[in-house]
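Chain naming follows the written order as A, B, C and D, and within any one chain the residues start at number 1.
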């Protein structure tokens, strides 16, 4: 969707064309061409009612894949973990890879809505909701994988601290327990955070819908009426969450990285893993958000809200994160290489000229070469299509990175007699597919239920930023909301 | 009367080990360790609590093969213990052994990742004992089901029986009263087992001032209870 | 408004009814597992009557002192006495029938230990515990029935009170 | 499959008999039946183990075992600490004995087969089976032939002997693959030549300080893996911290070679030449103590050392070094390997090595006390000539009934021996195998014998090392299947045969044993009257004297120089470029272990491969052939051909390939059937025996590939970094 189209949509703009022409970037990104609230809500709500053929196709295909996951999981539980390709010594593989990957994806939402909110980066407003939803769904999916991975899934509750006749308690020496705690914290926080920012829009939806939607929104909106007091409380609550959730976000992937860093397995036992994983998570996360935004703009006609300038902003983040990631990866590679520990050496040889070399180079290409080579150009940064393409590679690269860390590294240890190679079998491949499908499925589902553009935030933004004509000059005004 | 603390220790004389595999089969017989099918063996899921690793050194014709019998090293500071989220593998302060409580295991398999010796074995499927082979199963040892990790226990069931006997007879354990199946059967006597807390025991005697002794991957600081004696050399006048 | 309330009700039933059924079934299984009842025996074995006659537990379950298992008396042992004692009683005749057929009596197990537990009568009896502590006052039971849920918590409650609790807390004591 | 929970076993412990979980709607965690004994056996406590002494029958060595029995189930086999041969130790095969007892593929009872080789057995009653056998034997008269194996119990062999003598049939044949690959017959004969007495040699490694082993894999399944294993331990740690020095000369590194201080890959078949060369060097030196010279001069043949060096692939310098090491030793010892026993002129080949012992005066190290001088019979392995004779008689139709016990000729002998063809000419073949093996499938009637843990017997330990001994064998559990002791079967049927009845008057085998065993008199266990002697015999696991008898006076019979030739190989060098080196699998031995999952599933010591056959090829050779690990190759010899996957083996001569014997069964139970290939099919026959050590082969890649069931990670072990891991 081109810039021109957007302009044609914003007819009511009282500001002369020449004004827009100048310094256009900031204005467009800040949506300085306001529309009446009614129209805006309609723009957001109408697509939700339209259940197009495309929607049903996606719904059926994704739903089917999710169902396959369920069946496969059952099959695995009945016969045992042996149906996967796991072996000795590679005891962790795709399930853990998925776990780490989806947690990573889950970081973007918080980063965009919370971190950018804290930094008062105003153009974040239209895209925050979409990112938050992605966080919630990715985390939900990730949270399933420790269970899928268990040898005796039906005993999973033994990981929970609950009073029992055995007088037994889980062991908090184990990083897995820290993991569990961190993820559940993060999941609940981000769900609440997302829900919190939903209230005004739910209320708005409630007042504009009939039938079951009305009932639903009525229930969810918890009787939001938009009084002064409500707004004040809402703002306060949001601020609390905004600042509270950022450290949680950083802690989560750090703790996930400790699952590996705390082990003495060569290639895992590294002190840089914490920040390295966090950056990696944000990297893949931002990439994923870009993909989601591109899709939303295409399918939901959100052209007015999601503009090329937003994509450009995200693209810049992507480039920065790619550089940060490269820095950490270099760190993580150089130190063991200099140390020349026998097992580390074996692992690095495996990556550089072993069977894993193609994967390794593909990873370096998609995580470093491709972003650096393309994202310097504004035209690419502003083209949703190109960014979508690049983001796909980023996803592939980051998935491979986790794959190289988990099963590939496990194949090399101190006793060469016990080295091993892991080859994924059908069950875990199907379950992995199902995991990606689940995120998509939930998104497709939710796109019909809750407004994916935070209308109230956009409106708030447009109230704070405007254009005024003073004499001949058109100046941009900026108001501060009172704290 | 309460029993003395034991520091169970196994000494493996690499100079004597002939790699004959008697220990391997003895362990299977004593501990109900299942034999996995050919297909599973190819997948790398063979289960032998006691295994003999064979390494090549040098190249033909000056080539040497070296056998290293490897079982759970019963580390004093075992890396596999802290990572278990449910205390399925934990330390016995009293026996100085690294226990595996099969019925508590949920199968996170973290212990195997963190085990530098790779001596832990996971039940990828339920074990198969064709009738009437079940008749042979040792009633003193749990038969593990699918999804559970297992490993060498220094034949803890034998240790416990002996301790019970000693307790009833109100006497301390005698040296050599407890022998794991592998040690009991080892023809060349490459395996020696006993209590290091007892200066008179065979292991203490064998290890005192023995220059050949070393521990596997000692640099990791796991403090194994298995001590290896490296291959010696003999003087021949030519 | 009205329509919506109906919908809510419909929703409630669609979700609620299966849940209710599930709850009932679950409750049934839970109870049936929890309940402590005497199993029906092939030949009614009146412990109370025996003990009244002054027969001690160890007379029949004689291995308890020397073996991990207390043991069920052999048919021969039953007949050892009952060839002469109360031969006319119909219960005894049932036992005698097995003896004449030279068949083992398929007694139903009364006390259940959980899976994966090693338990030794010899050790406990020699430590001075008496049978009633775990098996209840069998002397008063017509048919022997389980009186305690023999689970880990129950074992530990006792072990924790022993002087050498430190040792008795060790997993390897029971799990091998 | 049914899960066997630990709880079930607690139940069994409490019950004394197998507990069964009641099926049906009831929750299976409750209502379990406990079936007590009707009449409890003596000294049986529920949940307390009883140990019974007996004798291992997995190989002819005859180690003493004690079996842990609880609630009527045999749980564990351990070595009998009192037994003079193995002193409480046991090898892998001995440990696996329980899977012979509880093997799921054992025949549930006697069966007959209308169409031979079909494997379609009809179950019959024992009465029927006995009657059929009786009729056949009565008609056959002297036309009966008996084929037994090296592990057949002494008393059964004795009864067979008496039966054959009574009916005028030739005395039973004792031959199986184990005895052949061990070279038992040849070694016995050679020992007769050397010491003038008739028994297997024993080599007391404990006292030797330098050992030259000419391809003797004494740590593998050779004469007595357990005893030589123990001896090796002592050899390594002698008094005053002395450590013996082992030199191994063999074309492919065996586990003995792996333990050698100096491993010398010599060209197959040149062991005897090297031995002579060493004698020559010692004589020419003269090396060693003064008294060696005379003996050396008599025994050493006029052989050209440099030509030996060329033939064997060992440079002259190294030969001289060997000779010096041997001569400098205080108690040197030379051991002839089993490969020597498989050559033409095997006698001289072995003598050539024994000559070194004679020169060094090491006879003492190569000597064992005589077997107890009694009427007790020890299977004397028949030379291959007898086997060929029997096969010819069978083909000529002179054999009406063939009784096969403890041997599996159809599997053991290569096609070139034409056994199957010969069996076809025998009207009635009876097998006594507990499992329907290849031979059983070729039989008309199978009367399954009880396995050794269920049956009675004795075994004259030979070689008896420091003490002569007779191992006892008694049932440790009630028979698992409806099998009958072959000795009892024989005694039963002969009652009706007038000629034999008189010779075999005993009601059953126990009566016979009770009669002959006490004749041994009081041994270490003491005891005076017959009953006590008998019970002590069973209780202690056998009979042996309290103190070793003085070694019999002996003088080496070797008087003139030994002239051994290099053996003739089958197949000419151009067409068949590679030497074939066959060796017994450490775990499956000659293939009799293939029905036991513990032995099938445990990794081979050198290759760590389980469940499969493989062919060991030197890396260079593999490169030349363009094959990698797991590539299936076609191996062809003048006598036959097999297919096997390649295992690249760095410790073998480039011009030699090695294949383990033991797999390739076509029957013999689910664990053995259709698994790997049987390299004996490559072997041809010679005048003196099977040419399993003197065959050449050619290799052609097939393009097929299989995944190898190895326990090691080959990538890891090959490019691995062992020295960081193991300072040893």
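Quick note on the criterion: contacts are C-beta pairs under 8 Å (C-beta built on N, C-alpha and C of every residue); 3 or more make two chains touch, one makes a residue touch a chain.
It should be emphasised that the depicted structure is a prediction, and the values quoted were computed from it without experimental measurement.
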Greatest separation from chain B - chain, by CA centre
A
Quick note, more Cb pairs in contact for A-B or B-C? It is A-B
How big is the gap, in whole Å, between where the Cα atoms of chain A centre and where those of chain B centre?
47
Centroid of chain B to centroid of chain C, CA atoms only: how many Å?
37
Chain B and chain D, separation of their C-alpha mean positions in angstrom:
29
Any idea how many Å lie between the Cα centroids of chain A and chain D?
67
Listed in rising order, chain D residues that touch 2 or more other chains are 5-6, 10, 13, 47, 712, 717, 720, 722, 725
Residue list for chain A, restricted to those that touch at least two other chains
168, 414-418, 420
Residues of chain C that touch at least two other chains are 115-116, 118
Based on the touch definition given at the start, go ahead and assign the chain network to line, ring, star, complete or other.
complete
Using the touch definition up top, name the residues of chain C that touch chain B in the complex.
115-116, 118, 120, 122-123, 126, 163-164, 166-167, 170-173, 175-176
Tell me, which parts of chain B touch chain A in their complex?
40, 43-46, 53-55, 70, 79, 81-87, 90, 104-110, 112-114, 116-118, 121-126, 146-149, 217, 220
Touching residues (chain side chain A, partner chain B) in the complex
79-82, 85-89, 91-92, 146, 149-152, 155-156, 158-159, 168-171, 173-177, 180, 259, 262-265, 410, 413-418, 420
For chain C, which residues are in contact with chain A within the complex?
3-4, 7-8, 151-154, 156
Going by the contact rule at the top, pick out the chain D residues touching chain C in the complex.
5-7, 10-11, 13-17, 19, 27, 29-40, 45-48
